[in-house]
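Chain naming follows the written order as A, B, C and D, and within any one chain the residues start at number 1.
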């Protein structure tokens, strides 16, 4: 075990740092294991994420970070271990159920809907639309029209928030990569997710847009949401993260405040050394 | 690439309706010196195209002869061919087109029974006489305007079963039928007739049209050991016979109407020897008319006429004589056809019953030395065949 | 009786396996649902007919000609239709629809040139051999011999040699293969040639045995595709195993039920495999699409 | 004029078929080769209800649509977890199986004999007994179906379909129950395909399984592709084109011996050329890319 501290110690530290506000753990996983063929991609990982905080997952490529996101969102099923959302187990549930419970995800490769317009991308994300039922759309068009007007207003607000209103009617594939990331975030916001899992939100994005992105992320956690990000950019981690998990070879190698973890010599050797 | 609008539609789309309307304009109803047009709907493509081809050869020869002999009261006869690829949908389309655009009073065909049944309601409604060359018993009741020059499938069996039971002495019969309306109805008819005559059916299985490998069925047939195997099928029977001989199945083989097809002899070779089957057309010239037909046919196409060509030839001549007698009014043609009695055709004396079904002799034939030949005692007299017809 | 049934199934299985292996070569490498493969099959049979019956070539040369024609047609289809689509980055579905178009056009061209009627290459009764009560014609014996020689050799070749590795590499990751300096287009041409030649071989042998008409290609192709799925996509022994299994099953259907249910049951088997064991018999891995997100 | 009315009936039938398949293939990206089976089930159920249970045309058609949708569930539920080629193959398999059942279940469907003498539809007491009246009926039904399909396509449900087509993993991550959406659209497409089945049966007054083959399924799919997958007007235009093409070729003075094969060759080459140079069809926005 290479981790600098044991899990119990980590938790003790975590609560001792912020003594005044009792942390609310929204999402946690316990002893998660996932094998691919002979490879242990995730090897007994236990993590917990708090409401109103930004938690960063860092670690070298192949450390199992993205696999962890797959597991947390139900895209793949763990071999063993538990995932708890507000105390109740969610492992084994299909991805749409997990998403409906309030766990949203930004994909590393954004995964916008390229042939839909920017506005439509956001509209799709709105949860529980009656017009999304085929028979309602066929036989109760008035209900749908009213609902759509409302949805469009809300969607436009979110687009405004990420600064994409002027592109609303363009096909999403016409946007730049950075703009696509903003769109994907707007989509997440529209979905009303409580927990946001962001896989490398700043990768491939120009500094201007990174700034806008980070503001949004800070606002979100400030508003009480749980934000988890996978991030390679040290400055971003130092800038927005409240907590950092360092993962290596499918295990948690370190946990703590960003400055602490990122100044740990082992972490520096493993991670920053590689990426210097 | 994604900005598309109407102007990017290929111009061919615009051409289509123009072509269509041009076509409609082009074919006006005929005046008195113009040719008399009649239609023909045949399978000219697809799996059944060969039969369409045979029928066409008979039609073309008859038309050529009528036209060299002053046509229809001085007006030449022309045929407008339409393809149905043996698909009912296309037959219906072709029927409507012939009735509506070409205003034909008579349509010959189709060959596939399903196509005739699809044509029938349209022909009834638009008052077009249909002369089908199809075999299904269902066509009997298809409508007032629907005639057919080919005997119903049942009448072939009516002629075949007494021969099998009394002349050949078959007691145990196996049936291996092509799984379509023809094969199924033949199998059902022969079961009924054969069991009524005291025989037993020891094996009955279908196979999909186009099957080329019968070795598993043959292995079973060897075990079932029948006196004879009845195989109502198309050219599939060639493969069956070949493989049956190869695998040493030594029973008598009985076929149905489509057996008389030179291709089958070519394919099966010596394996076709001795196969018994019912047919509507003799091998030797049946009469002087037939002798002339065979000579002309050989001159024109360099081969012997097929039984379907002969039926088609008779059909055109019967229609031609009706046209000569009563003109181009479909109702009068219809009446003339119902009144046709013992028309001298190359396939024998031909009449129509009140359902529009043909009454004509059916004979039993076989293969000897690679030739289709008539069996002397198998019938051939009009009287006996007529008797069978009436029993139907 | 039972032995004869097994023998019939085996002979049919040989031909399905040849066709399926050829199809697998193309499908595994290019991911094209190559329906026009059926047209290559038909074309080979007809060219063999042309050479043997019309031009009176010797049998062996006519078969070689048929096989070569199939290979040539396969390569031509790749160069004229599929390669441009691939370069443009068109999806598999575009290729599928193009392939359907090719099939319709080619089969009707063959019908136009040769007529719609059934043709046989060896009319009349064939000489037979008897072994343990099983009767086989000489052509059937030839079918078994060709399959017994070709199939193991090819499967071993594909599993053991560099060529096999390249083909598998292209299948698993065409982009990576190209980065590694493999000439993707050359590999595609090679698999189209080899796969179509196998179809041509199956076509000529089957035509010698039972003859052909212009429509024979599609059912053979579909059976081969089912054999490929049942055996296991992505392997080379899979389609062979699947081919033999289908040959036996079809013989059994004819015996126990009736030939008219062959299609229904064959495709029933396909559905069962697609739903319950999509990786096929031979493959131990589950398909990637199934597990990865 | 009847000839033109007849063509209109045919265009109506294929327009509904193509538009319903377009919901499944164009909007949802599920390439299905069993649409002819649904068309056939619709035709048979309507026919049998009319002839054996004495139903009127419209009630029989509605029940036929419902039953077809139900049967489609049996196909959709096992097939929809398959992707790409595998899904295509599964639908192809079901097409062959359903054709085989229609063909071989003689006691119910009269199998290869077909069912002749289907009663003339009577709408509001008026017998639809001329080609003109039938063109009105089929035209009206086509417009009704197309309007409904348009409503579905433009609704949030339609948007969801396009989202699933573009990226089903992303759609699932947004809380959308992807399998249920696919099953719903598949059933909806099947239900709409039953309507032209009923129209066809009532028009031909004779049905047999050979009208509902794999070749027919491919034909319907090519209408969608040629017209333009994922567009609203595309299937109508495609249907018009594909129905008119052979009819127009009837008037070209080709030697008869080659005409029919030539038509098929032209049709095949047209598909190839279109896929090469205009994969999104005449009007489509989405080219399966």
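The rule we apply is simple: contacts are C-beta pairs under 8 Å (C-beta built on N, C-alpha and C of every residue); 3 or more make two chains touch, one makes a residue touch a chain.
Because the structure is a prediction, the values reported are computed rather than measured.
A.B. asks: Per-chain Cα mean versus the mean over all protein Cα atoms: which chain has them closest together?
C.D. replies: The most central chain, going by mean C-alpha position, is D.
A.B. asks: Most remote chain relative to chain A, going by C-alpha centroids?
C.D. replies: The chain lying farthest from chain A is B.
A.B. asks: So the centre of each chain is just the mean of its C-alpha atoms; given that, what is the distance between chain B and chain C in Å?
C.D. replies: 37
A.B. asks: Let me have the rounded angstrom distance from the C-alpha centre of chain C over to the C-alpha centre of chain D, please.
C.D. replies: Comparing mean C-alpha positions, chain D is 31 Å from chain C.
A.B. asks: Could you put a whole-Å number on the gap between the CA centroids of chain A and chain C?
C.D. replies: Those two chain centres are 48 Å apart.
A.B. asks: Which chain B residues sit where two or more other chains touch them?
C.D. replies: Answer for chain B, listing residues that touch two or more other chains: 2, 45-46, 49, 179.
A.B. asks: So which bits of chain C are touching at least two other chains?
C.D. replies: 108, 111, 260, 263, 293
A.B. asks: Where in chain D do residues touch two or more other chains at once?
C.D. replies: 103-104, 169, 261, 264, 285
A.B. asks: Show me the residue ranges of chain A that touch chain D in the complex, using the header's touch definition.
C.D. replies: 73, 75, 94-97, 99-100, 104-105, 107, 111-116, 120-121, 123-125, 127, 129, 131-134, 136-138, 141, 144, 147-148, 151, 187, 191
A.B. asks: Please name which positions on chain B make contact with chain D in the complex.
C.D. replies: It is residues 1-2, 4, 8-10, 13, 15-17, 19-20, 22-24, 26, 44-46, 49, 81-83, 85-90, 92-93, 96-97, 99-101, 114, 117-118, 120-121, 125-126, 136, 138, 142, 179-181, 183-185 of chain B that touch chain D.
A.B. asks: What residues of chain C sit close enough to touch chain B in their complex?
C.D. replies: 1, 4-5, 8, 12, 108, 111, 115-118, 120, 123-126, 128, 135, 137, 209-213, 215-216, 219, 251, 254-255, 258-260, 262-263
A.B. asks: Which residues, counting only chain D, touch chain A once they are in their complex?
C.D. replies: Interface residues on chain D, with respect to chain A: 148, 151-152, 155-160, 162-163, 165-167, 169-178, 184-185, 188, 230, 285-286.
A.B. asks: Report the residues of chain C in contact with chain D in the complex, numbered from low to high.
C.D. replies: 31, 33, 81, 84-85, 89-98, 100-109, 111-112, 222, 225-226, 229, 260-261, 263-264, 266-268, 270-271, 274-275, 278, 289, 293
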